[in-house]
Amino acid sequence: MYNLIGLVVLLPLIGAAVNGLVGWRIKNEKVIGIVGSATVGFSFVLSVLIFIEMLGRDVLNRAEVIDYFRWIGAGGLETSFAYQVDQLSILMTLVVTGVGFLIHVYSIGYMHGDPGFWRYFSYLNLFIFAMLNLVLADNFLLLFLGWEGVGLCSYLLIGFWYEKKFTGDAAKKAFVVNRIGDFGFLIGLFLIFVTFGTLKFEPLFLQASVMSVGEPVLFWITLMLFIGAVGKSAQIPLFVWLPDAMAGPTPVSALIHAATMVTAGVYMVARSATLYALAPLTLEIVAVIGLLTAVLAATIALTQNDIKKVLAYSTVSQLGYMFLALGVGAFWVGIFHVYTHAFFKALLFLGSGAVIHAMHHEQDIQKMGGLRKYMPKTYITFLIGAIAISGIPPLAGFFSKDEILAYVWHDGSVLLWVFAAITAGLTAFYMFRLVTLTFWGDPRFKEHGEHAKHPHEAPATMTVPLIILAVLSIIGGWVGIPKALGGGLAIKQFLAPVFERADRIMALPEHGVHAVDYVLILLSVAIAAAGIYVARLWYLKKPEIPGGLAKKYSGVYKVLSNKYYVDELYDAAIVNPTVKGSRKLLWRGIDVGIIDGIVNGLAKLVEIVSKYGRLVQVGVVQGYAVAFVFGIVFIIFWLLFR
Amino acid sequence: MVSLNFYLSLSAMLFTIGVVGVLTRRNAIIVFMSIELMLNSVNLTLVAFSSFLGDATGQMLVFFVITIAAAEAAIGLAIIIALFRNKQTVNIDEINLLKW
Amino acid sequence: MFENNLLTYIIFSPLVGALLLLFIERNKHNAIRWVALVTSFVTFILAVVLFLRFDAGEAGFQFLIQTGWIEAIDVGYRVGVDGISLLLVLLTAFIMPISILASWSSIKHRVKEYFVFLLLLEVGMIGVFLALDLFLFYIFWEAMLIPMYFIIGVWGGKDRIYAAVKFFLFTMVGSLLMLVAIIWIGVHASNTVGNFTTNLLVLYEISPTIPLALQSWMFLAFALSFLIKVPLFPLHTWLPDAHVEAPTAGSVILAGVLLKMGTYGLLRFCLPLFPAATYEYMSLISVLAVIGIIYGALVAMVQTDVKKLIAYSSVSHLGFIVLGIFALTEEAVQGSIIHMVNHGLSTGALFLLVGMIYERRHSRMIVDYGGVAKVMPVFAAFLLLMSLSSIGLPGLNGFVGEFLILLGAFQSQALDSYWYAIFAASGVILAAVYMLWMYQRVMLGDLDKPENQKLTDIGGRELATLIPIAIFVVWIGVYPSTFLDKTEASGKQLLEQVERGRTMYRAAEKDTEEDTLVENRIDKIMGEKN
Amino acid sequence: MDFNPTDLLHILPIIIVTVTALAILILEITIKRAEPVVFAFSLIGLIAAGVSAISLYPQSGTAFNEMVSIGGFASFFHVAFIVVTILTFLISRQYIERMGIYHSEYYAIILFSLVGMMLIASSLDLLMLFIGIELMSLSFYILAGFMRTRLTSNESALKYFLLGAFATGFLVYGIALVYGASGTTNLASIAEQIDQLFTSTLFWMGVAMLTMGFSFKIAAVPFHMWAPDVYEGAPTTVTAFMSTAGKAAAFAGFLIVVMFSFAGGTEKLQDLFAILAVASMVVGNVIAISQHNLKRMLAYSSIAHAGYMLIGFAAASELGMSGVMFYIVAYGFMNIGAFGVLSMTEYGENKNLTFDEFKGLATRKPFVAALMAIFMFSLSGIPPFAGFFGKYYIFLAAIQEGYTWLAIVGVLASVIGVYYYIRVIIYMYFYDGDVTLEAEPSYIGMTALVLAAFAVLQMGIFPSTVLRLTVGLF
């Protein structure tokens, strides 16, 4: 079965090609939708089969590289389209194809009637293809292909409704900011190649594992790779693109900007765990950046009123969480959170999509409220998602988040833990602020009369995925029930071989079950519950409190609601000076002014010399004769006296 | 006996006078006459050399120069006349249609 | 027999077509077009045959033809192909039919001359790539100026005359100095081996030992000529003008092939002929290349004219190629070669696309567009594909070249600094900025201008020009081995040649040093005696 | 000092041309509608002379007591002159009729000047040389003023005449001084005692004067100033002839004196030539840029070309010699072609000769424009045309003799040159205009242009054909 991994990757590409090349002629949404979904579905089925085969294999024998054909080979560089099937990649594949399939199905309903229906599915399939390359690649270059490919699809899908200017801006921003990260990534690749002479994972990790901890080159390699991850996974300082990316269709936000693509950075760092384990300094940076991002994004999310923006900042925050996990060396936990987060964040986004769909593209939660009665299925599932992300047991989010907090605690940094816990509380708070404002209370939109909105439950193609995801959000975390709660940490065991080298280097103490673990669990649940309670209290019962707070601390509120003015800062500090400098100094100054000035000036000079020089030719014979005489005198002197 | 250098100096002076004449006179015919003077000073040189070298080639050359000077005179005067017909002047300062 | 003269057929088959055209009545436009198209297609087929019969394992020149020409100064008709020129010949032969198709309806007056010039241009270009005699090379190099000059000057845009003259003079300045250097090498050869020669294969063995001071001058003379053509910052200002004013096919050929002649020249002549000087000046040129990459990108970003934008992007791209050449690593050199092809394809296609939209709307200004994707979706798709190729998206051709170049430059021991590659890599970011910004302003957004609402999407003939390019864009992106395999041996050999040349130079230098040492000693002894 | 009748055979081409010229004059008065007969007869005479010159090429030796040389160098130039003359006749026929200056003397005088040129090329004695130069020059004076009623033509003739005579004075003086220093006018004898002569002040004075005289004839700076005025004012076909054959003859004489008898001269003579070359190239090219009249522009360009050829003199090697010989022939073809085109466009009093009036020529007369373009590219030295190879060879000679800097100046100057040559093309091809030709170019004239263009291409692509004729002549 392993050999079929190529087919897993290829199927979505076929789907993309079919829809992309002939989709505009098909015109039948059903055909397009089915082609799009089925290819991904098949991929999912195949990867499940491979997964099952893997489970059947001996633990040491589970990883395998399937080499298809040579890609770029020159000099010492050899890269192939080769896919590495191992525990980590198959897990990611399952998530990508599984969640991807659900979102495809959902999109059939959501995108109904859109003139770009075929285009949409083509892009979405292409995305799956790229993402699979990313997670399955057996070398950094192929990973980079997927890496950039998903960036491209993200670009295409953010800018899907291209008639509006802001979608184009957002798409471009996403691509460019990602490119800044990719720049670092590329440098990382170069360093890797210079250091190890290969870009293939296995050989290079093998070589790296015998190097000593803290070697400078490893620090630089990991740091550069991390810059790539920062771009892709929207961490400080490159997170600015993700909130804007919500300009795309909501299922896209769910799939790309929540469940899969943005976690690519986490995946990549986990994949290079061996390298990171050898670079403790980088890991610290990763942890700090992750936590800072988590806090920052969570605080911004508190004040946002756009349903998708809230979710977007929540995503950024959760991604920060994942990096925090990686930063403390808990690579498998990072992946675990990727996995649970995929379910509940996809669910939340899809739910918000259903809401937006129902509200006729109204996204402001201040203009919603009381939707519970109009769309019960959406409400229930959304609520499950919110609970899951808040970290209430026994839903998925709880387990992964709890593991992160536990690792942070055991890492010995209380400060990190405190902030992480506060973030968890903030998360619960803003999620339930969202739930409250959207679904609870009284409607704040016109229910009757002219221009009234008539929210309605979404069609089955949309609700079924919601329900499946809701179920997954509940049970998904059960593969990682901690020992303290009597679980076996199945996912940790499963992933263990992948992180074996890293773990050996890190030599994290295998913490047993201590009393403190129970305290921590209780604390985190309590914080989450408190967050939920406060949100419900403030926004349902006593809405004057948040208003009052906003007034009282209007400065803080303004900063938060304006997202710390990061965009404005970037514009003023980087974008505008670059554009203006290029235009005025480089183009008009150097190019047109100096270089062309010299060129044209020389030509002018010759012309002027010519214009005045010709006047010597006065037209009078004797003038010429004088010149002759001067000439002959010169020649005589030259010949006689030199 | 008069030495060669005297002849040479004389002819050089004559030649220079001719050159100066060409440079300073305004009448085309006089300019032409100055050129004839130059040629004749050369003839003088040639004859002097011929005599001092005891070689007839120089004198032979003089005959050719004289002949050519005659031909030149014929052509030159013809040209000046043609010009005079059209322009009514032989002042070479005024003959400057072609310039620059 | 066929194989023996294959290169001659390839070089001169367009000439035959051009001569045929002369006999067609000038108002039979269609006949003229078809003859030109068929001719260029035949050349392409021949080039494909060459590609297929080319032995990738053999590093040296293949299909060699060496016949006498001007015996007095040992100038010969010497042509041959190796891995470096092979791809460029193929590219040229590939671009030509496309250019002819692109000119099908856009050239309405003086059709006959136009196609004659196009075919003559092809002769010159292919000749440049295949010539193995400096004199012959120079002839082709200059001869190709003439048709290009006409193409820009007669069929160009508003400021075509300024652009044409600028193009011509810029190139002339460089190439005439190169001419002096060519003669100089020949003279040097006559001092060492006894007879003046411009035979490249002989000169490869002789010229590396030229004393460094002289070698540097000659290197600079050659390099100046090539770098103007490339064009390297700050010698690039002819390019935007020429590109903007040239008709579509002219721009396509200019970007697709002509610029490559400069980089090809560096590889074929500058490096192996003057290895010691190469090492002397490599950092200077590499710095300029890197500046060019960033500078070109930044200036491209703020252009208001699409063609100018693409022109400046060429400056940026060619900076990559030059950097790759002077990195002197296998990866970088191969990357440069493949990137020459890549740039030819993607930028050529971009110019085609701009030409198509210009034909409809008669404007190249970005502000005149917006939301065009709505009325021209297929066009938009191709523009996006080519933009992405130009940006260097993995999976498309641009990436292969850029990555290899950057990788090679990064690990280059000759350059001995990571900073070249690091700064160059920042061009990758900027490329995304300017291309996508342009794409956004032209294609996306609201279709608010009434003139644009009537635009029609591209038709069959236009597709016929774009699809082949698109195929290659993906092909090279996904399976570059087809092409990289062919360049591998030659690229490697080139580097060895440079290395060997340096060794030869050092040996020669040591000899003279020893000579002077001996002389000094003798002088000293003599002095003591006195 | 005996008269050897076979010597007459050795100067057969000269005799044929002379007889033809005389016969034309007689034909004119004996036959009524003489023009076609005269034209045909002169062509036949020229061809006969050409054939005999070609057949003499393989021979070598001297005749008339070492007054003239036989074959080789002389024949090379004889053929070149004759070919140029034929081309001149072909382009002249329609022109002189249109301009209303048809007299059979026109052909006769050209033939007389041709005799002068041929004498120059075969002379081995300063006396011969002098006679040849004067014969040629006197004919030119007449030809320049051939449009008797036109003021510019008169002026051209007068200027040429006065300055020419002035220069002749110096030339003769130079001959006299060299004669005085060496005691002979025979170049071979001078060559034998050249080493002693190099120490003689008298000799150097003479060389200075001779150099000046020849520099005048080839129009090298600063003795060039007559050229633009004379070329502009003279009938176009005459200008064509003067600037090609006339210049070639002057160079032939210069070559004979410098290369043959002065053995290439010494370094200071070479340097002097280098200086003159630089001055000519720079001044000619730079000032040509601001010209509006094509005829005058070509005059300046001819000054620049004289500069290029002087580079060959500076090199003073056999290679340089071959280079000069090749170049002068190439230049002859391309320049006569260019002037031929001008002679077709010109009408009235110097009309249709400015750049503006060339606008759009390519659309109205594509073939003429294409030929003009070839000549212009060739003049600017772009391959694959003859002008390029000429430059290449001359630069090669210069570099071989260590004059690399001269070659560099040369190429930079030719960049400037390119600018004004391609301006012609700009006006013909890139602009639209509506000026029309007065008369359809005659087939005879076009034949001449095509022949010239063919020669330019032939010499550019297969330079060996001419080049090998220039080797081993000294």
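Should a chain be cited, it is by its letter among A, B, C and D, assigned in written order, with residues numbered from 1 in that chain.
FYI, a residue touches a chain if its C-beta (ideal position, glycine included) is under 8 Å from a C-beta of that chain, and two chains touch if they have at least 3 such contacts.
This structure is a prediction, so every number in the text was calculated from the model and none was measured.
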Which of A-D and A-C has more C-beta contact pairs: A-C
Interchain centroid distance [CA atoms averaged], subunit A/subunit C, Å: 38
Separation of mean Cα positions, subunit D and subunit A [Å, integer]: 78
Whole-Å gap between the CA centroids of subunit A and subunit B: 97
Computed distance of Cα centres, subunit C from subunit B, in Å: 63
Numbers and ranges of subunit A residues touching at least 2 other chains: 603, 614, 617, 619, 621, 625
Residue list for subunit B, restricted to those that touch at least two other chains: 19, 22, 31, 92, 95-99
Of all residues in subunit C, the ones touching two or more other chains: 169
Touching pairs - complete list by chain label: A-B, A-C, A-D, B-D, C-D
Residue ranges of subunit B in contact with subunit D within the complex: 8, 15, 18-19, 22, 28, 31-32, 35, 38-39, 41-42, 45-46, 48-49, 53, 55, 57-58, 60-61, 64-65, 68, 71-72, 75-76, 78-80, 82-83, 86-87, 92, 95-99
Touch list for subunit D against partner subunit C, complex: 322, 362-363, 366, 377, 382-384, 388, 392-393, 395-396, 399-400, 404, 407-408, 411-412, 414-415, 418-419, 422, 425-426, 429-430, 462-464, 467-468, 471
Subunit A contact footprint on subunit B (complex, rising order): 19, 22-24, 31, 92-93, 95-100
Residues of subunit C touching subunit A in the complex: 166, 169-170, 234, 236-237, 240, 295, 298-299, 301-303, 329-331, 334-335, 371, 373-374, 377, 388, 393-395, 399-400, 403-404, 406-408, 410-411, 418, 421-422, 425-426, 428-429, 432-433, 436-437, 440, 443-447, 478-481, 484, 488, 491
Interface residues, subunit A side, partner subunit D - complex: 603, 606-607, 609-611, 613-614, 617, 619, 621, 623-625, 627-628, 630-632, 635-636, 638-640, 642
